[in-house]
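Two complexes follow with subunit A in common, the first pairing it with subunit B and the second with subunit C.
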Partner chain A sequence: MSIKKLEPAALNRWVDGILQKQKVYGIQARGDKFVFDQLDRADQLRLDYDVSVTAPKAFLQPPCETLLRFGEKGFESVVESEPFVLFGVHPYDMAAILQMDVVFAEGNPDIHYLERRKNATIVVCDVQNASENVFAGCMGTAVLESGGDVLVTRVGSAYVVESRSARGEALMETIATAPVAGARDLGERKAVWEKNRKLLRRHELKVKPEQLPALLEKSYDHPVWEEKAKRCFSCGSCNLVCPTCYCFNVRDTVSYNLKDGERERVWDGCMLAEFALVAGGHNFRKKKAERYRHRYYRKGKYLHDMHKQIACVGCGRCITACVTKIANPVEIYNRLAEGQK
Partner chain B sequence: MISSNTAQPMKDIYLPEPADVLKASPMTALEMFFEFRLASGRELGHMPGQFVEVSIPGIGEAPISISSSPTQKGSFQMVVRKVGNVSGAMHALSAGRQVGIRGPFGTHFPVDGEMKGKDILFICGGIGLVPVRSAINYVLDHRDDYGHVTILFGTKTPADRLFTDEMQRWASAKDVTFMETVDRGDDAWKGNVGVITTLIPKVRLDPARTVAVVCGPPIMYKFVILELDKVGLKADRMYVSLERHMKCGVGKCGHCQVNGLYACQDGAVFKYSDIASVREAI
Partner chain C sequence: MSKPRVAIFDFACCEGCQLQVVNLEEELLDVLSVVTPVEWREAMSEQSEEYDIAIIEGSITRPEDEERVKKIRERAKILIALGACATTGGVNKLKNNFGMDEVRTIVYGKDAAMPHLNTMPTKSVAEVVKVDYMVHGCPINNKEFTYIVRCLVMGKQPVIPNYPVCVECKMRGNVCRYEYGEICLGPVTRAGCNAPCPSAGFWCFGCRGYVDDPNVQAAREVMDKYGKTVEDLKSRLLLFGSKQEHTDE
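On to the complex of A and B.
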């Protein structure tokens, strides 16, 4: 696998080359925030971003996607996806994508997700600036040993670019003659990783992530659920921004001729009041505290019971998104841990 | 016409297959009976207690239990209560029309496992009879594989009773005890009055050789289980079917979660001992 060193100008030339051949969704600035959007020129890339507003999962499970079309001919699968590059994904978001990969592939494989995933080449980029609320360092996702197709790390004024898969290798074809990163560059990259593991801890989790399932197991009736949920608006923002949330709703839309239409899947969230409501009015998670608790259990226990991974990667987006400041997982988990020792 | 596109390399778990409506007839003011056949001619291949997702293009999908026994070949049956969009659109169906079907999904009553050789106690409240009917008829069609069969059925009023003809057949079958009750009677009603739990003490059962199958509205379970516990039935001899909001039926959408369990995959039929300590279950 290649491992190259690129000066900023060379990196831009490489990216501009990719742009000629493939659609690239890259990280770029919008005002003082950052988003993944279609890239037109390499110099729009902002690999120094802190966190993207929307998690890059949106390119694999879009907020709204057509699953089926129906009409005279009946139902038809819609699996529309063309090759694309996702450029600048932070390691914690890549960790979340790896979790989604498991969810959509296991049991009953979901071709809509898997096809899009198959078409995605993901360029991971190590964090250069810590966001306001990131705590990936506590969740073991500040740095990723594997995952994604290419890893780009800023070292000094240059970049170390490493391929991590055959697809990444292909993406790096055009920089085959670029200088190979030397031992010093790799040493510096290691230092970046060490630094990120320490720095991406704006909140300090006082327990190890692997202790969370056991901690939650004992905390079902803890007063914190009621206490915090009192201030919850059930707005679902904490679900929406979360890179590991994938729950969805399905709805039909009919075109003007009242014959043809589409069955779409849209993002949904367990914090929304109607998530567990059934016809007839029975709501299986009627109280705010029940929904509030469910979100933490889902992240820290239920999904872990199934996949042995904590479904929180410490991006901190929910902390920022919650207007009433109650969505900080670290605060909750630390609170549960109090009095446990 | 509803047809499916089979050109896809991998199966699309969300793609319904067309089924023809063979029969659609009202049962009560709210419930309608349906008989379907897959347009491909393929057997549905379900087990008692399983459900399918029924699609009405432009309206949506709804999880509906199969009410017929798999011993009945060539078609399958459902009973649908009109409560909203999809169920409402289904009530407008008539023979000759088509719907989309995905499934069968979920677990089933263990007619092929733990129920074999045992006395069976069926306890159904209201529309809970619909999925259990599949198991009752399966058991009666394999009569020698099971011991004594007891069927308890409760509804709000006599007008809500379903499958009254079939109930008469069950009541007169060999080695079957059939008891009914209504919450509120009317002038013509001569039978039991009271909630379904009042029937349980009237049943003679040997807890050591009995398996209970319980299905009804969410509120019913707690009381029935308490009563079964009183007569000495163990939690691992009770099977319940849990209703939840279900969107996908295939373990993806997250809607049907009962704490860490998925009602659409781990259920809808659960062995009670497996969920007795699951806080959101009952």
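On to the complex of A and C.
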């Protein structure tokens, strides 16, 4: 696997070359924030961004997608996907995508997600500027030892570009003759990693992530659930911005001949009042506090019980997104831990 | 199956919602392939005494209108309230913040006492008769309207969101107005419009009315976090929330 060193101009040339051949969704500025959107020119890239408004999951599981079309003669599955490059994903978001990979592949494999995932080449980029609420450093996701196809790290005024898969190697074909990153560059990259592990901690989690399941185990009746949920809008913002939230709702629409139609799925979230409403009118989590608690259990325990991973990568988006400021996982987990001492 | 007969009636409103229906343009022909209009003042001259679906646009603001809408209800199998004026009373409820004599004087000046200018506090359609389905918004989202029509023709229950506008706002990848220190009513307002206002950089005015269980109290409590006061929130709620349940509790 190659490790190259590229000056900014060389990086731009490389990206412009990719743009000639493939569709690229790259991180870029929109107003005073950053978003992943189709890239026209390499110089639009903002690898110095802090956090994207929407998590890159939107390119693998779009907010709304058609699953199948039906009619009198039966139905056919629809998989809308073509090869693309996702450029500039931060390590914590990549960690979230690796979790989604597990979720969508197990049991009844989800062809819609998996097909898109197969079509995606992901260029991960190490964080240069910490966002307002990031705490990836506490979750072990500030830096990612593996995952994604290429890793780009800013060291000094240049970039170290490393391929991490055969697909990444192919993407780097056009820079095959670029200088190899030397021991000094790799040393500097290591320093960036050390720094990120320390700095991406705008909130300090006082317990180790691996202690969360046990902590939650004992906290089911903690007063914090009721107390905080009083201020909850059940608006789902904390779910929808979360890179590890993948819940969806399925709905059918029928055309004017009243026979043909489409089945589509749209993002859903466990904080919404009717999320757990089932046929017959029963709602498994009717109370706000039950839904509020559920989200923390889901992140810190339930998914860990299944996949041995904490389903929070510390991106901090929920903290920013929650209008009433009650969605901060660190605040809640620390509060639960307090009572334990 | 024979096509359901549909009649559209307007009460106190700007008729903007009917205009949204007319604005369907080509799709209007599709709509007409599944229903037959039998009375529609804005688009045809005929009148009818029989209809399967009555669509009511506008608020009820006079005693004689109350009688008229009751008669319509008697004749209709299904009754739909079209637009905020009909579903919640909409902007017409601003009037309910004043006394009726005062309102008449402000609007009609010296003619205020004329009997034909009689007026009463605004009511939504549901405050007078049973409403089967609501098409929310000021104006309505015409795609939602046609979806509801197709559901009714098929005998299916339309699914109208009971979650806040924030859901659709987030799906569209918007930055929250609160991040810019603006009061947005999205967190307490029923979605279904696809969040056009925050997507265009404006706060949500709450035109679709509240979700079933809006946490207005949480909105009040959070104002100081954004350098705003409860009074600021109240003035924002005035346009579509005047004299609505939940606004002043």
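Operating definition for what follows: the second predicted complex is superposed on the first by the 335 of 341 C-alpha atoms of A that agree within 3 Å, B and C clash if a C-alpha of one lies under 4 Å from a C-alpha of the other, contacts with A are read in each partner's own complex, and residues count from 1 in each chain.
We take it that a residue touches a chain if its C-beta (ideal position, glycine included) is under 8 Å from a C-beta of that chain, and two chains touch if they have at least 3 such contacts.
These numbers come from a predicted model, not from an experiment.
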Q: Mind working out whether A:Arg251 is in touch with subunit B, subunit C, both or neither, as first, second, both or neither?
A: both
Q) Per the overlay, which chain contacts more subunit A residues, subunit B or subunit C? A) B
Q) If you stack the two complexes on chain A, which partner ends up touching A:Glu76: first (subunit B), second (subunit C), both, or neither? A) first
Q: Mind working out whether A:Glu162 is in touch with subunit B, subunit C, both or neither, as first, second, both or neither?
A: neither
Q: Classify the contacts of A:His282 with the two partner chains as first (subunit B alone), second (subunit C alone), both, or neither.
A: first
Q: Check whether A:Asp126 is in contact with subunit B, with subunit C, with both or with neither, and answer first, second, both or neither.
A: neither
Q) In the superposed arrangement, which partner chain does A:Thr54 touch: subunit B (first), subunit C (second), both, or neither? A) second
Q: Would you check which partner chain A:Asp149 touches, where first means subunit B only, second means subunit C only, and both and neither mean what they say?
A: neither
Q. A:Ala321 contacts which: subunit B (first), subunit C (second), both, neither?
A. second
Q) Can you pull the subunit A residues that subunit B and subunit C both touch? A) 251, 254, 258
Q: Spell out the residues on subunit B that touch subunit A in their complex, using ranges where they run on.
A: 1-5, 8, 10-16, 18, 55, 57-61, 83-84, 87, 98, 100, 218, 243-245, 247-248, 250-255, 257-260, 265, 279-280
Q | subunit A residues touching subunit B - in the complex, by the definition given at the top | A | 67-68, 70-77, 79, 103-104, 107-112, 114, 220, 246-252, 254, 258, 261, 263, 265, 268, 270, 275-280, 282, 284-285, 290, 294, 297-298, 301-302, 305-306
Q.
Show me the residue ranges of subunit A that touch subunit C in the complex, using the header's touch definition.
A. 31, 33, 35, 53-54, 58, 63-64, 230-237, 240-241, 251, 253-256, 258, 266-267, 269, 272-274, 320-321, 323-325
**Q.** subunit A partner contacts - residues on subunit C that touch it in the complex
**A.** 30-31, 33-34, 147, 150, 153-154, 159, 162-164, 166-167, 170-176, 178-179, 186-188, 211-215, 217-219, 221-222, 225
